[in-house]
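As structure tokens, here come the structures.
Each of the next two complexes has chain A plus one more chain, namely chain B in the first and chain C in the second.
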Partner chain A sequence: MDYFGQLLANGLVLGAIYALTAVAFTLVYGVVRLVNFAFGELFMLGAFLTTSLMLPEVRLLGTVVPMPGFPLPIAALGAIVVTGIIGVVVDRIAYRPLRNAPRLAPLITSIAVSVVLQSLAQTIWGAEELRFPQFYLATLEPVVLFDSIYLSVMDLVVMATAIVAMLGLSLFIARSSLGRAMRASAEDQTAAMLVGIPVNRVVAAAFAIGSGFAALAGLLYAQTYGFAHSSMGFLPGLKALTAAVLGGIGSVPGAALGGLILGLVEALGAGYLPNGTAWKDAISFVLLVGLLYLRPQGLLGRPELNSAGRGSLLGGASSAGVGWLQAVFARFDALLTRGAAAGTPAAFGLLAVAVVVGLMVPSDYWLRILTMVVIYGMLASGLNVIVGFAGLLDLGFVAFWAVGSYLTSILFVLVLKDGYGIAPQEVWWLLYLNLPLAGLLAAGFAVLLGTPTLKLRGDYLAIMTLGFGEIVRVVAINWMDLTNGPMGIRGIPAPNLFGISLGSPRAQFFFALALAVVVVFAVARLVRSYVGRAWVAIREDEEAAEAMGVPTARYKLYAYAASGFVGGFVGVFYAHSQQYISPLNFSLFENILLLMLVVLGGLGTFIGPFVGALIWIAFLQLALDLPFVQAYPETRFALLGVVLIVLMVFRPQGLAASARVGLTMPGARAKEAA
Partner chain B sequence: MTALLEARQVVVRFGGLEAVGGLDMAVARGAIHGLIGPNGAGKTTVLNVLTGFIRPTAGRLVFDGEEIGGLNVNGFARRGLARTFQNIRLFGAMTVLESVLVGAHQRFSSSAPALIFGGRAARAAERAMIARAHELLTFVGLGREVVDRVATTLSYGHQRRVEIARALMSSPKLLLLDEPLAGMNALEKQEIADLVRQVRAQGIAVLLIEHDMQIVRSLCDHLTVLEYGKRLADGAPEKVLSDPAVQAAYLGRTR
Partner chain C sequence: MTVKRIAAALVGIGLLASPGHARAEEITIGFTAALSGDFAAFGLNMRKGLDLAVAELNKKGGATYRIDAVDDRGEAREGVLIAQRFCSDKNVDVVMGYSFSSIALAAMPVFTECKLPVLASAVTSPALSNVSPYFRRNVLTDAVQGAMAGAYAARTLGLKSIYVLNQQDDYGIGIAKSFSEAAEKGGAKVVGSESYLLGAKDFRTLLTKVRAARPEAIFIGGFYTEAAKIAEQARALGIKAQILSTDGALNVDLVKLGRDAVEGMIVYGMFDPAVATPATEAFLSAYKAAYKEDPSAWAALGYDAGMTLGAAADLAAKDGPVTRESLNAAFGKLKDVPGVTGPTSFAPSGDRAGALYFLAVKDGKFGLAPKQP
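Up next is the complex of A and B:
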């Protein structure tokens, strides 16, 4: 009883925090149908601002700045107000221009905003934890219930605050005119606009309140666990999103219920399952995945939210932008259109350029960078199959990449070398076997993960795949016997051909290039056939595709399989080229980065993923030369985020979108003209 | 000879609303069958049932002697039912040729390796279908110049024709058209009507939803009239259109 009671108490505290953040997701989703990933970061800002305001002095940007040292309630209030304002400003700058944009644009933008806020926070407050100060309430004796359950006064304060905040919000929505307007917009935005509800003001209010709730949750979290840190918002943000979905996104009582359930399940799971604390993150995501499978609308949600956004994912050029910028783009587009029309010769031209570059570049340093460009370009190409062509927003792609990397590393290092004492050079050929083998394994894995997602659409699909990706990562960390856990696997041999090591940077570059040729060729052949046409048809209008006789469920699985194959295939080379892998290599951030690369370059094009990879990696290097980036390295992620936000507003279709991919077999058209 | 498509006692309820109430209907082989009725009568709903888009609350569907009620949408298409939509639904970002080729999806069967390694059969199938797509585009009255344009950028009338070509691409036994003449001028209407006759001449039955009574009278072999989801009349056009109940229904609508 006492153990159970203690877990229950922990679960309630955690649940209260999740519930408050879940309200933020739910409120904004209800009004604008946007999963604002940035709430995790607003949560973190709430924690930092409160902590800073309570301290006598804080190091900001490396210099010690005197602070007011407010008591907790005043500091908290200040933090909530400031975060609320930040939320509104973010909406005004980044989201409002995208209200009628293609459906992927706001989601990508919200991810970019997260990246910007997180790296700014790290720049300002540094990479260290900021300790939450001692204050009077926290020094009080804990309350003891039933002689055995210890509840600190602050735990009670956390729960009480959550309850009061939720009740206050419910009252506000039910009684105030703004609250009622909010509910009306959530029901039907067009209708709300027609009857004269100021939708922009309602949305701003939802962002203000949501951000305030996230900040409140963040500061309570910081208080409970004793620190603030720039990456602290990430996992709680995902969990809160899970809670919101669990309760039924769009429903405030649902968010409260979802948060509570998630907090309790996590606390009890951590307490009772063998090695539960290590697995507790997986518990939440398993719950999420299971629920989305069985009841996608969540416990209290409405089913229509799982509806397909018809129309293009990202297509549709933006008309925004100054004249000269548009002129530059027009030039660039004409070039790309011509290149794409040339097809195979253009591809050979690009390959020739890559070969020449590979031969000419003198420094190992730049060869390594170029190899990374090719690797990321290939991975992004794999992701592009599922997202760009089939239109399924997959945030779990890294899992397929991880499957490939781990398969080859486990075989070479843990089994053959450590288990049987076989030196990698003796079995160099295994690498070439592993490439297709890992591809097939990852493809099978992708189909397995893809099957339960078939019923889901749009944002729900993204959230479910994200859940899968996280589960795979937690498994990789915790299944010590298989993966070596967080230590990762060292000593993965460099690629080798007939006993000749291909470990030099130049050899690796050409190895990567050869694989890229294989990947692009195979993907292009599939896309330029009835299979690719079925994918694009599904992306553009799933129901119409089905009516034309396309078994859409099967073709979605094919897209997963193709995407998974590329992930696994490239993953093998990645492991051998890095020679060390750990679960950190396969985080959600990597998946988001890949997604950004594809979007940056242009979804649904062959060259887009490589353009995206080249720009990103070149950008990283060039940014390192800027003085303020040298002083604050984290700002380069913020810069990337800003670039992406700007791109979403001015060119949502991506840079190389004009390199449109034909969907008929190349040879078949040439004959017909003759 | 049995009917090509038979619907028996089909009921569709949306929540409390009964959109279709116990409809019996049979489309004969090689016929142009008109489905008419006032706005909101349930015509589109019936077409959605006949193409698998909506699972009826009750009732049976028999197509070409086979029970098809339990199939999913692509199963209906594979059995030979092809449709167009009241609000045109072409695939954005696809060219006319590519969109039309999607209609032939079920006629491709090459495996992934055959596609990747460029199998001869895969190439031949693609060529044959592209040739067929060109034929059908000419058949619906579209010239070569539109073939490589993005379908959604064409004029309304042309988009309609692309949609019909896409549906015909699957070599259906029954083509279901939901108000293909809506929003067209008299000349275009005549052209599409002629097109429908030519489709029938190829042995493909047509189910047509249409409001223009003159066209309906001259074009259809058989009419089914719906009102409030119920069958009001059924039979030869002359007989049905002179039925006082039908006339009342239409007068009721204009009033």
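Up next is the complex of A and C:
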């Protein structure tokens, strides 16, 4: 009984924090229909700001800065206000210009904002944890209930604060005029505008309040666990989003309920399942996926929220932007258009360049980097099938990649070498069999993943795929018998052909290049076929495609399968080229990175993913030699995020957009230009 | 076209990065470890010790030593690229450092290919034993350290019931396994075991389980970041058990993060400033003069690795120029190089023998634990 009681108490504290953050997601979603992934980072900022304001001095950017050393309540208030302002600024810069853009656009910028804020926080406050200062209330003896349930005084404060804050917000929304304006805007923005509600200001208020709630949750979390850290907001952010979706996103009581349920399920699950602590992150995502499958609108949500806006990201280019920049892009576009018009010869030309580069580069180090570029380019191409051509945001793509890598590693190392003592050289041909086999297996997984998501649209789809990706990763870490867990699998043989080792960096580069030719050719054939046209139709307008007789569900599954196939296929080579894989290689951040590469290069193009990969990976390595980057390596990721936001606002179709396959009608294109 | 231009730029860079001519008397140490991020403390401390050794070697005359440091940020993927970077740079004669066994494991095939010797100081996975003829380390393996700690807990401290926690990776799993086996052999009972993910923050549920088992002691096979949180949350849940941990928790940051909660926690390491021998005195005073703090075990191992390299380079120089290959051969021939963590010689597996000190936190500082094996 005392065991259960203590778990219940732990779950309530955790649930209170989840609920507060979930309110942030729900509030903003309710008003602008945007899943702002960056709330996890605002949560983190709240924690850092509070901690900094409470300390006598803080080390910022490597220099010690004197701080006021406020008591907790004042520091907390300051942090909430500042975070609220940051939230409004983020909305103004990154989301408001995209208010009328397709829903995918602000979703991607919010991920980029998240990356920027996290890297900046790491640059400013450093990579180490910042200890939360001790203060009076935390030094009090814990409250002991029934002689066995321990709750610290601050635990009670956390729960009380959560209840008061949420009741206050509900009252505010129900009674105040701003609250009424918010409800009106949530109901119908155009109508609200027509009756004279300043919608932009209402949205800004929603962002301010939401960010304040996230900051409040963050500082309570930092207080409970005793630290602030730049990556602390990531997982709680995902959990809070899960809680918001569980409760029905858009509903404040729903967020409270979702947070509570999630906190309890996690605490009780971790407490009663064998080795539950290691599995607890999977528990919440399984809950999420299950619920989305059975009741997509959440417990208290309204079904109409499960919908996608019309139009694709690739639509009209924004005419905003500096003059010279536009001129540069215009020349660049003309060049690419000529290249794209040349079609096959241009492709062969590029291939020839790649071959020459592969032959000429003298340094093994740069050959390895170029191999990495080709691998990431291929993976991004796989993701591009689903995001760029079919217009579905997939945050679980790394799972397919992992399936391919693990399949070949398990077969070669764990089964054949360790199990039967067969040397990898004797079965070199297995690699070539594994390539399509892993592709098929991953495609199977993709269909499995895709089937339940058919009921889902837009943002819910992104959240569900994210849940799947995380589940696969947690399974890879914890199912030791299958995957060797976090130790990873090592000793994966280098590629080999008829007994000749292809392990040298140069051979690997050409191997990768050969695979890239296969991948690009296959994707290109597929996209130009009836299937590809159906995808583009779905991307441009799902309802219209459905009305025109495209069986959208089936073609969406094809898109998942094709994308999964590429992921698995490339994953096999990835494992053999790295010779060591572990679950760390397949984190959500890798997925976000791939997504960024696709967007950077150009959604829905064949060359784009490679352009993005080349720019980014070469930059990552080159920048390492700059003294500033050596001191602050995280700034590279911040820069990527900033570039992405700028691209989304000014050039949503990516750098290489003019190389896009023209599968839409010329009439539509002409209208865009006008 | 743009692609072509970038490619051309890359070729140019490749040419720039390609090797110049190595001078025989200059030895370049490729140093790589997690130098930023949550687990940076191990690498930064090793670096401090190594810097001291390099300064000393350069003062001595003979070959000059230079360090080329690269941060692997704790990511295995970076490990392979960094290894290739060192391999391609013909100036690099030896590689040192490494905070994570998984990264060293990922990098070793590359080093083996280009025959570049590695002398690591903080990677303890048994999987690295015999991994390559070019790999050596001067730190004891988990299997050895865990067994020593298990025997210490059961025999020296006389603990009867222990709850074993470990972080879910090769380090934590390896150490927890060897600790549990040795503790049970010594007469203690392992009343439960549980693992957690590296980077976990919330241990309340885990500790609620621990509390229900009423153990006399808790063993944490993990790093200082989590050990400090576990200790703090355990005390908040009213758990009074003795807490034991590993060399992964041996770090001044443990005390900074855990404050009062880690008072009395017992950890182990291969070096302790309180144990002064003639060999350590010079090191201690030089380290204090340079960094205004006591050296940790990691700094001591980094220092010893540097001095071991010096001995190997001298040995190799006797038979001609110092190359990667001759340096590697010299490492294998070394016999009992004196050092602050005891004498160093390498077994063919790449491992060395040595002793452990058990340390306890007292008044916010690590000191020799009252009971030693």
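We adopt the following convention: the second predicted complex is superposed on the first by the 654 of 674 C-alpha atoms of A that agree within 3 Å, B and C clash if a C-alpha of one lies under 4 Å from a C-alpha of the other, contacts with A are read in each partner's own complex, and residues count from 1 in each chain.
Operating definition for what follows: a contact is a pair of C-beta atoms (placed from the backbone, for glycine too) under 8 Å apart; a residue touches a chain by one contact, two chains touch by 3 or more.
Keep in mind it's a predicted model, so treat the numbers as computed, not measured.
> In the overlay, answer first, second, both or neither for which of chain B and chain C A:L584 touches.
second
> Who does A:V611 touch here: chain B (first), chain C (second), both, or neither?
Touch status of A:V611: second partner only.
> Is A:L482 contacted by the first partner chain B, the second partner chain C, both or neither?
Neither partner.
> Mind telling me which of the two, chain B or chain C, contacts the most residues of chain A?
It is C that touches the greater number of chain A residues.
> Please indicate which partner A:I163 is in contact with in the superposed arrangement: first for chain B, second for chain C, both, or neither.
Neither: A:I163 stays clear of chain B and chain C.
> Determine, under the contact definition given at the top, whether A:S529 touches first (chain B), second (chain C), both, or neither.
The answer is first: A:S529 touches chain B but not chain C.
> Touch check for A:L350: first (chain B), second (chain C), both, or neither?
second
> In the superposed arrangement, what residues of chain A touch both chain B and chain C?
none
> Show me the residue ranges of chain C that touch chain A in the complex, using the header's touch definition.
Those in contact with chain A are residues 1-4, 6-7, 10-11, 13-15, 17-18, 36-38, 40-41, 70-71, 73, 75-77, 80-81, 84-85, 87-89, 102, 105-106, 109, 113-114, 127, 168-170, 173, 194-206, 208-209, 211-212, 225, 229, 232-233, 236-238, 253, 256-257, 259.
> In their shared complex, at which residues does chain B touch chain A?
Residues 51-53, 72-74, 76-78, 82-83, 85, 89-95, 97-99, 101-106, 108, 110, 112, 115-118, 122-123, 126-127, 129-131, 134, 166-167, 169-170 of chain B touch chain A in their complex.
> Where on chain A is chain C touching in the complex?
Residues of chain A touching chain C: 2-3, 6-7, 10, 13-14, 127-129, 131, 134, 142, 144, 150, 152, 225-227, 229, 231-232, 266-267, 270-271, 275-278, 280-281, 332, 335, 339, 350, 353-354, 357, 360-366, 368-370, 372, 477-478, 485-488, 490, 494, 503-505, 578-580, 582, 584-585, 607, 611, 614-615, 618, 621-622, 624, 630, 633-634.
> Going by the contact rule set out above, which residues of chain A touch chain B in the complex?
Those in contact with chain B are residues 311-312, 315, 521-522, 525-526, 529-531, 533-534, 536-537, 540-541, 543-552, 558, 562, 604, 662-665, 667-669, 671-672.
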